[in-house]
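Several structures are given next for inspection.
There are two complexes below, and they share chain A, which is joined by chain B in the first and by chain C in the second.
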Partner chain A sequence: MSLVIKNLHASLKDGHEILSGVNLELPSGQVHAIMGPNGSGKSTLSKVLCGHPDYIVTAGSAELDGQDLLSMTPDARGRAGLFLAFQYPVEVPGVTNANFLRAALKARMPGGEELDAVAYYKRLRTVMKDLNMDTKFSSRAVNEGFSGGEKKRNEVLQMLMLEPLCAILDETDSGLDVDALRIVSQGVNSMRAPFRSFLVITHYKRLLDYIVPDVVHIFHRGRIERSGGRELVGYIEEHGFDFLKEEDA
Partner chain B sequence: MHASDIESVSLPTRLNEDWRFGQPHIRAPQLAELIDRARQLDMDGSALPDGVQLEECTADVLPTVGSDALMQRALARLKRGHCLKIADGSHLPQPIVLRSEAHGAQVQYLRVVVGAGTQLHLIEEHAHNENSMLVCLRHYELLPGATLRLEQRENGSGCSHTLCVTSCSCASDTRLCLLSTHSDFTWARHESTLNLTAPRAEALLLSANRLRGKQCLDMRSLQLHSSPECKSRLLCKNVADEQSTAIFGGNIRVQPRSHNTDAYLSNLNLLLSPHATVHSLPMLEILADRVRCSHGAASAPLDAEQLFYLLSRGINLADARAILSEAFLADVRLQFEQF
Partner chain C sequence: MSDKLPTVPPQDVRGDFSFPEQHAYDAGYGLTENTIDYICDAKGEPDWLRNFRKTALDKFRKMPQPLHWAPQEIAALDFDKIRYYLAQGIPARKSWDDVPDDVKRTFERLGVPEQERAFLAGVDAQYDSETAYKNMREELSKKGVIFVNPTEGLSEFESVFRPWFGKVIPMGDNKYSALNNAAFSGGSFIYVPKGVKLAQPLQAYFRINSESIGQFERTLIIADEGAELMYMEGCTAPKYDSATLHSGVVELVALPGAKIQYVTVQNWATNVYNLVIQRGLAMQNAEIRWIDCNIGSGVTMKYPAVILQGRKARGEVVSISIARDGQVQDTGARMIHAAPETTSNIVAKSISIGRGRASYRGEVRVQPGAAGCRNHTECDALLLHAESRTDTYPAISVHGDSSGVQHEASVSQVDEEMLFYMQQRGLTRAQAMSLAVNGFINSLVNEFPMEYSVELRRLIDMEMEDSIG
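Moving on, here comes the complex of A and B:
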């Protein structure tokens, strides 16, 4: 599923502009990485695309396979195939992981159809095993009391279960140890397909060593300042983002 | 308003602050007429296990529960009630279920005596039919060393009203866990009194309720610590939607010389609508030294980040609200199960 963003501007409710004209074309089947200094607006872009109510889109467009994403409600965007692995996944006490995922899967089914509970739990256990997650996590409340790494792994579990067509991973590598990073990356890579696209937001080269991107974008001051191949990752690793400030000057 | 105008404003009273006492919206003559047609509790006491007796008792042996005025009013129409007695040291692996159904108007009286050293799980399911008005008086006595897990499920239907008065008396080394739920009442008032009368008595009072439409639930509780070394906890959670009203007034009273009391009460409300109303009045009256008592109350709408998280996974708004409301109440059930 392709994602096309044109001249996207978005502000907080107090009028403070965070996104200042984002342009991005993510074709189906590709993985694009977004890197950039803290506070440049990367996470805001992911939330705006998912319809977070804290932000107001003031100009521009975003289309998911030609569908106007911005006119859709947040839940409709999810059902249309968009998925966000949150940077800071929220805790939802009282809702077990299993029930939460079942509700999300059921929401994608045509009206009146019921989820096959046996097949669902079988698949859930298999995916958890693949991610090296204890199956006890399925009966624990969503993210409640999870460590940072467990939360991130839980986001990837949801992604694997929901099988989105366009997935945004917002700093999924933060909080993961080396082994967890490898397992999570394997999970993401197993989903790569011609009909699916990924937008990977990260600060670090190490994630992109596992999830190799087709294109790398550098985000700065609320928009994409530069795009290129994998060589950009190495350049940033070596020089940091200071060159952006020099260009500003 | 100017300072000079303050004198012209009357002080709040029960007459002009009806939230202090929820209004059933039934005129007094109607209520009296309904109670005059009161019928007795219809309770299935068949096939009770060994050591368990369910018998009728006359009004003259009924202990007083609730206010004197309420008792006088109820007893004027109530000649007999039911008494469930569990013999000392009974072992009851299965819960006992008592069911009743209210038609029209009824006054019910139930007394439960849990024998010394007995462990009992009692489930009461009370169905209230359309246009019913039920007055329930319930008294529970836990003899030394007894444990009672009690579920009171009050299920209304359309235009039904209820007034429940629950009184629990706990002797030494007793353990009580009470879970009350109310659903689909036009108006429900529940007064509960817990009296910890001897050392090392412990009680956990739980309530979880959903309100919608113009329903009103008026909960009152008194945790009375009459003896030292006792512990009580109360957690009342309400989900208020549409134009409903939830009222909670809870008091912990620690009597003189009830040292080393450990008590807490908490009222938490989830507001699903800007037109829903909650009133919370937690109170403490401490007349002893060396106690640990506190209370808390919080009322809030759904957490916006949690809601967005569910929406982002494709769950529609109505289902997301329902899931989060259920989750809000879930720990009440969990605490009961873990007791």
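Moving on, here comes the complex of A and C:
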């Protein structure tokens, strides 16, 4: 699915503006990376696209394959194919991973249809194995007592199970060691397809060595300041984000 | 929601339906000496019981409503607008085929005969004031297990039941125990002989069909030395505009080494006042567990208690309550440590939805001379909306030496971040709430027998859909 964002402005409820005119065109089949200094609004962009209640969109538009995202409820956006791998995955006490994913899959099915429980568990086990996850995690409460790395891996598990059409990965690499990073990246790469798009938010070049982006955007002060090819990643790795400050001056 | 699959077919778990009244006996509105004479005549009770009931009536009249501490909503309960005895005038049947058609259809719709076939050792099905069906598997009668109604219990098995009748909960304990002693009808008297262990539960189903009725269930369970049983009760009623009253007295006696587990799933309509007194006496090495779930009723006041009377006796209360708009769930637990080395455990979780109000009221008392006792209490409240309310009233007094009492309490709200996270995965807000609530009580729901936990989860899902969806 394509994601087209035009002049998107969003504020906190107290009026403080975080997104100040984001423009982005992510065609179906592509992977775009967003890099940028801390506090530039990268995570806010991902939350606003998913309909987080803390933010108010004051101007602009966001469309998923031509559908107006901003008029949809957060759950309708999810069912339409939008997925966010959270930077800080939330704990859901008492609800097992298996039951949670089953409920999410069921929510996508037309009314009255039932999920094939046997096929579901079989697939869940296979995907967990691919991610090198202990299958015991399926009967543990969602993210409860998980380490930082386990939580991130669990996000990727959910993504592989729910098979979204447009996936946003918000700093999924932070907290992962090299081996985990490789496994997680393999998972993402296995999903790359002409009908699917990815928006990868990261601080580090490392992840983009594994998940190779088509386009790289530099985010600063609530908007995309610069876009380019893979070479931008190397430039930032070498020079940091200081050039943005120079441009400000 | 559960990995377990239901073993009984879906039933009408809410029970909001009724049949036209067909009563041979109707004591009319209000409670007087005449009402008591009417009940005693209808039931053919001995004189001592008639006098006993009248003494109780006298106490009931003299005692005030406990408004200095109880939920103020009970002030609106008008005892003169309640009908105290409604019965079809037919003795309890041992076969569903002999039960009057409307009554049989009621219980079929509630799934009772199916559950009986699937996993129960015996069933008492009460319809308004009297038991319509009561049967127990034959092998249990052969082992000497007694499962009868109070009238039979006090006449045919007087020597077994009368010594304990009213001993755990005295007549004058409070206004509602007095009321029950005056008007009681229906319920179960159970005796399990020494060393007999029931592999399957006995079940009582309390059904209110008629408007303005007062149902005064009376249950006395005696587990002799080393005996074990599980008893389950379920309740439903159609919703009427006028108030109905269910005011039961349940006494448990666990003799040395015995184990009694008592499970309640209360799902009354919201016009029902559910004011119930449940108390157990645990002798040496005995164990009593109350597993209590309150979903329905307008006002519930219920604090299952265990008096730990013998050395090393154990008591436990596991309690779930859900209060929606207009509901007051005033629940809790009492543990009285009257002997050394007794232990008790209380886990209570409540959920308040909309303007619903759930309170935890608990008492843990370690009496002088009861050394080396332990109690652990945990009560957690979940508030779904800004206007939802919860209150906690714990009372702890320790007089025994080297005893330890722990109390943990928490109040939380369904976290918006958690809801957003679940919604992002495609769940509607109602589905997300329902999952969060199920998660909150998951560990306690697992304490219920499987057949009940499946029903419980389904009920919770329905409540969530209605409240939020």
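Basically, the second predicted complex is superposed on the first by the 249 of 249 C-alpha atoms of A that agree within 3 Å, B and C clash if a C-alpha of one lies under 4 Å from a C-alpha of the other, contacts with A are read in each partner's own complex, and residues count from 1 in each chain.
In this section, a contact is a pair of C-beta atoms (placed from the backbone, for glycine too) under 8 Å apart; a residue touches a chain by one contact, two chains touch by 3 or more.
Everything quoted here is computed from the prediction, not taken from an experiment.
J.: Look at where chain B and chain C land on chain A after superposing the complexes, then choose clash or fit.
T.: Taken together on chain A, chain C would clash with chain B, as the superposition shows.
J.: Taking the superposition on A as described, I'd like to know which of chain B and chain C A:197 touches: first, second, both or neither.
T.: The answer is neither, since A:197 touches no partner chain.
J.: Who does A:98 touch here: chain B (first), chain C (second), both, or neither?
T.: Once the two structures are laid over each other on A, A:98 reaches chain C alone.
J.: Check the residue A:53 against both partner chains and state whether it touches chain B (first), chain C (second), both, or neither.
T.: Both: A:53 reaches chain B and chain C.
J.: Tell me which region of chain C runs into chain B after superposition, given the options 4-12, 40-48, 76-84 or 112-120.
T.: 76-84
J.: Go through chain A and flag every residue that touches chain B in one model and chain C in the other.
T.: 50-53, 73-75, 77-79, 83-84, 86, 89-90, 92-95, 99-100, 103-104, 107-108, 141, 158, 162
J.: Flag every residue of chain A that touches chain B in the complex, lowest number first.
T.: Chain A reaches chain B through residues 50-53, 73-75, 77-79, 83-84, 86, 89-90, 92-95, 99-100, 103-104, 107-108, 141-142, 158, 162.
J.: Across the complex, what residues on chain B touch chain A?
T.: So the residues of chain B in touch with chain A come to 303-306, 308-317, 319-320, 323-324, 326-331.
J.: In the complex formed with chain A, which residues of chain C make contact?
T.: Touching chain A: residues 1-3, 415-418, 420-429, 431-432, 435-436, 438-443 of chain C.
J.: For chain A, which residues are in contact with chain C within the complex?
T.: Per the touch definition, chain A meets chain C at residues 50-53, 73-75, 77-79, 83-84, 86, 89-96, 98-100, 103-104, 107-108, 141, 158, 162.
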